[in-house]
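One chain, chain A, links the two complexes that follow: it is found with chain B in the first and with chain C in the second.
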Partner chain A sequence: MTDQKRPQLISRRALLRRAGAASAAAAAGTAGVPEVAAFPMETAETTPAPTSETPQTTSPVGGHAAYEHLTAEEAELLEAIADQLIPADEVGPGALAAGAVVYIDRSLGGALADARDAYRGGLAAFDRYCRSSRGAPFRELSHVDQVSALIDVETGAATGAGTGFAGSSAAFFGMVRSHVLQGTFGDPYYGGNRDFVGWDLIKYPGVRTSVWPRLQTQLEAGDLAPNHRSAYDSENFEKAVVRATSRGTSHGD
Partner chain B sequence: MSHEVNDMRTRVIRSALWTLLALFLAAPAVAQTIRHEIFVSSPTLESGETMPRVYTPDGRNLSPPITWERLPAGTRELAVVCSDFGAGNPPPWVHWIIYGIPATATGLPEELPILPDTPMPPELAGAIQGLNGWRRPYYRGPAPPAGTPHLYHFTVYALDADLGLKPGLTREKLLRAIEGHIIGQGDLVPVYERF
Partner chain C sequence: MATRLPGTDVVIVGLGAAGGVAALPLAEAGLDVVGLEAGSRLTRRDFAPDEIRNNVRAWPFAVQKCANEVPTLRRTRSDTAVQRGGHPMMNGVGGTTLHYWAQSWRLNPWDFRVIAETTQRYGASRIPDGSTVEDWPFGYEELEPYYDRVEHEIGVSGQAGNIDGHRDPRGNPFEGPRKRDYPMPALRWTGFLDKMADSARSLGWQPFPGPAAINSRAYQGRSACMYHGFCNKGGCHVDAKNSPAVTTIPRAEATGRLNVVTHAHVRQIETDNQGKVTGVTYLQGREEFFQPARFVLVASYTYENARLLLLSKSRAFPLGLSNNHAQVGRHYFSHHQGAGVTALFPYDLHAWYGLPAQGVAIDDWADDNFDHSGLDFIGGGNLWVYSDRRPITAASMSTFGRAPTWGSAWKAFVKENADRTNSAYIQKTTLPYETNYLDLDPIVTDPVGDSVIRITAEYKQNELAIADFLQAKMERWYREAGAIEVIRGGLGGQMGVTTHAYGGTRMGDNPETNVVNRYGLSHEVPNLGILGASVMGTSGARNPTLTVQALAWRTAEHLANNWRSIVE
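Right after this comes the complex of A and B.
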């Protein structure tokens, strides 16, 4: 098989088309996050999730991320999954370069705190599933086996061999995919989309509070240069306030 | 022990009855009378026997090797469908569709591609994998609910014309497209159960 080539679960262009909506929905709400029963990895730490009224404004990482809420094993597995969902390729950088996993990690201490157990249980179940079905941890599988394992999780087929997915594995996949999209294409204010790589990838020129004819013409011609500004760099937008203890997400806009 | 055997037998009989019912319900889609039976076999599968895990999501979920013999004279191309008549709403749940197979092919090798940019083996040049029950253009193996054995029908169709079928066909669309062109048919029906 083509192990030398990056596998793609979904056509990258199709994914990016669908991601347009995700970039608009920059605020990470917890509504709809599926419940996956806790199934801790043997090495999992029990780091209490600190509450945070406002998410991080920037990613603190330059090279390898310093994770706050994911264990090293969880982060490594999640990075490998994210790298499959939105890989770097000839079109541009992918989810890892965008810091999508850092976004998830930071958000697990804030807006996504309700999903902490779902991540802990789901990642442990996925790890067991890869070992029992393919005989090795996810990162050690060939590209095609990685894709195959993720398809089985996505379609809900990864339920056998005592893997421990509570309910359908599809719920876990859907949650991770959604958060990886948020972390790649959401507003950088929330900790992902590092250096605006996600917006550059989909040629999103950035938020503008006023547009005059020349800009409109440039936009329609695809020549409008990105402004690389967070929506919250504008005084017209107030910062979202998200509390881990609250289901609601209140936006200033 | 005999209780377990009886249980297993009951489940297999129940599954077979569902299969017959589903076949009856599905009859209008395959109303054509097939006179020629193709002999379908596999180096790794056998009718009535449990499928190896490697062809299921409990293993690597590879597509299994299938072989056929005694194609009818005048066969121009072939199609293969893997269906579970004990699942789906309505049944069957479709695990695999492949059509446009050259008449010169004597079977399908193990592990046909799941990546879109991986070409088919040369002996299957022109063959297309249609959309299964998950609407994916590749094989996905059995994943029945635990405790219920299911039967998996690998059905080979011999067709009397090069139909030039387009990518993206579901089982229903495929059967509609090949209606009136089926000159031979055969099945291999292994079993799979999760515990």
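Right after this comes the complex of A and C.
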């Protein structure tokens, strides 16, 4: 069996486990205590989108039908940005091949749902900024202009001038960069790091559940091949969905 | 109207590091114990090696009760308190020990006698202005048997440095004398940790492996550590992390004397007109229950301990329970663990596997282990270099000014350097001060309308001076091992919400300045006890949990041995 086929196998098992966890939570709910699942907040808030974060079963690259939460225009722009952040080059495949945008798309239906508005508004503002400052949409700009436009966003210089970034454009850039990193270097279970290209790039030898002294010795001798496994390749683990919460209230007294 | 439940001898509020340990000696003494826990029970199946879930999305903290009562923060009383970020602790049977780093240090003898030792060696003028530090009501020797007991009951691995005065150069030369060795040898080192130890020795320092509540070999029928690299904010998939969830709590339950109630959100400790507590009121879902008890043991976290007392106002205690001397919330401090140092090496560190409790420690610059005569601070810090790396964190590394943060040049940089960086965090002596304290926030509440805790606190000159001094030592150590770049973090300002929070219900003989007595029982309420780092008056330069657990065992043993005189 090839490693490339693993993600599909994971997703099927994970889906079955997810269904099992949901029915267990439902059964527990009849015991008279509402929300007795391990993480009530998450189950209450994230399960309504049943397709959220389920790993993809079809190739996203070259076929935008795979996107569930981003619009086609948003996905195209985000792919172009991701391709600049971690480009494919002589060092190896980049964020696009890793499926980082698929990761973001899936997460926007689940753990990153709170970021949906930031993507909608930020991508629209970035598009306006490219047209007004460079005279064309981002994808039609030269490589040099793409880089310089992104530097403007990164440094906060794209803020203002009617582009409409909510707050500093730097915050939008920082969010996109961190999510692209997650989608490139995270567990493939979440839709990114396809074919383990991210882990291979940084020579991560893989998720293992036991690392005996001999294995550490092999690692230190440079003799440990990557195992290309997801955490959920193991049948030993339940999947708990987590929703990142953003809190922040301010007051005087 | 609360449903009144059958009474019990002892009700414990919170089954984490402290309450989960105290339950065992109480149950073994034949007392009936109800353990109320806000979270649920988790098992090894819940602990996937998943960086996105555990670390990026902060799975341990996305838990209902904690997340709903994050303290507000401000530096000084003239600032605006703000609630931001999450709560660093976890609800669950076992509490934060489910996913903590499990470093299990004893405090060193100096930490119990900061005033006496400082005064004797340097003069009383060296106690920092505004500090409310007191010596503990007892010394290290008093706590030694309880450290020993807990190390063996839960299982701690480590290398002794001083057994009954006999020094072992492989261990910490500065530790107080211990009665016997650790029950398990220290966790193994990696090649990089060996190299760091060698570098320390070449500087004339004395490196040793740190202690951990993690099995270095099979212990009590549970597995040895598998070093898989997901210990940091991850629970253990083989039960090798010795949380009370897999050690003292199941043993207490096996006695038939401990009844664990999960999803219990305690809102109030009830008091009668004579000033004795009668039990606690809690919510489970939308239902309210009253659990009568002859003795109440508060064992939630530092913030929640103070909060629950301050929320429990009554005719006998109009300022909050056990607060007629206005000491609840005072002497608060959060351990100064910031001001870290990060290094870049010209070689791979092979740190992909391992755990943060697997490391090499230096105590030469901690406590009063070096001469402070020409220095402008007291205390010091413990240097700790450990093995901990996961892919997203690795790819998010600093580029040390050697590359941009994205694009092809960045990609080439992380390809070469993702396994070549190491960060040390330095735990520093942190003191309590008059102007640092906890109280109830006047505005922000949790969803049921109870005020959250407000933290008013900042690091003072002594902490900042230690940070500066220790960063220089850490940089020197990294350079000795060949580091080509070293970055120092900021020295610190506001005390944030932290996993090392102390004080608020300090222990001491003087009821004018302390909430609990030398046994952890309230000075004002005869049948109330308090467990946790909230009773600790000094931090030392190391993780608090083992001290919290030793104190918890001691309080529980005192309670069991004196049950009749205490409750009647």
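As a working rule, the second predicted complex is superposed on the first by the 172 of 253 C-alpha atoms of A that agree within 3 Å, B and C clash if a C-alpha of one lies under 4 Å from a C-alpha of the other, contacts with A are read in each partner's own complex, and residues count from 1 in each chain.
Here is the rule we use: a contact is a pair of C-beta atoms (placed from the backbone, for glycine too) under 8 Å apart; a residue touches a chain by one contact, two chains touch by 3 or more.
All figures in this text were calculated on a predicted structure; none of them were measured in a lab.
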Check whether chain B or chain C contacts more residues of chain A in the superposed model.
-> C
Answer with first, second, both or neither: which of chain B and chain C does A:S168 touch in the superposed model?
-> neither
Using the touch definition from the top, say if A:T71 reaches chain B (first), chain C (second), both or neither.
-> neither
Should A:V147 be classified as contacting the first partner (chain B), the second (chain C), both, or neither?
-> both
Which partner does A:L215 contact after superposing on A: first (chain B), second (chain C), both, neither?
-> second
Both chain B and chain C touch chain A at residues 147
Which residues of chain A touch chain B in the complex?
-> 1-2, 5, 7-8, 11, 132-134, 144-145, 147-148, 151-152, 155-161
Residue ranges of chain B in contact with chain A within the complex | 53, 56-61, 111, 113-118, 134, 136, 140, 143, 146, 194
The residues of chain A that touch chain C in their complex are 32-42, 84-87, 89, 91-92, 94, 111, 147, 150, 154, 177-178, 181-182, 184-187, 189-190, 198-199, 201-205, 207-211, 213, 215-216, 219-220, 231-232, 234, 236-240, 242-245, 247-253
Give every residue of chain C touching chain A within the complex, in rising order.
-> 39-40, 42, 44-53, 56-59, 62-64, 67, 70, 72, 80-86, 92, 188, 190-191, 226-229, 237-238, 262-263, 284-287, 350, 352-354, 391-392, 394-396, 405-408, 410-412, 414-415, 418-419, 441-444
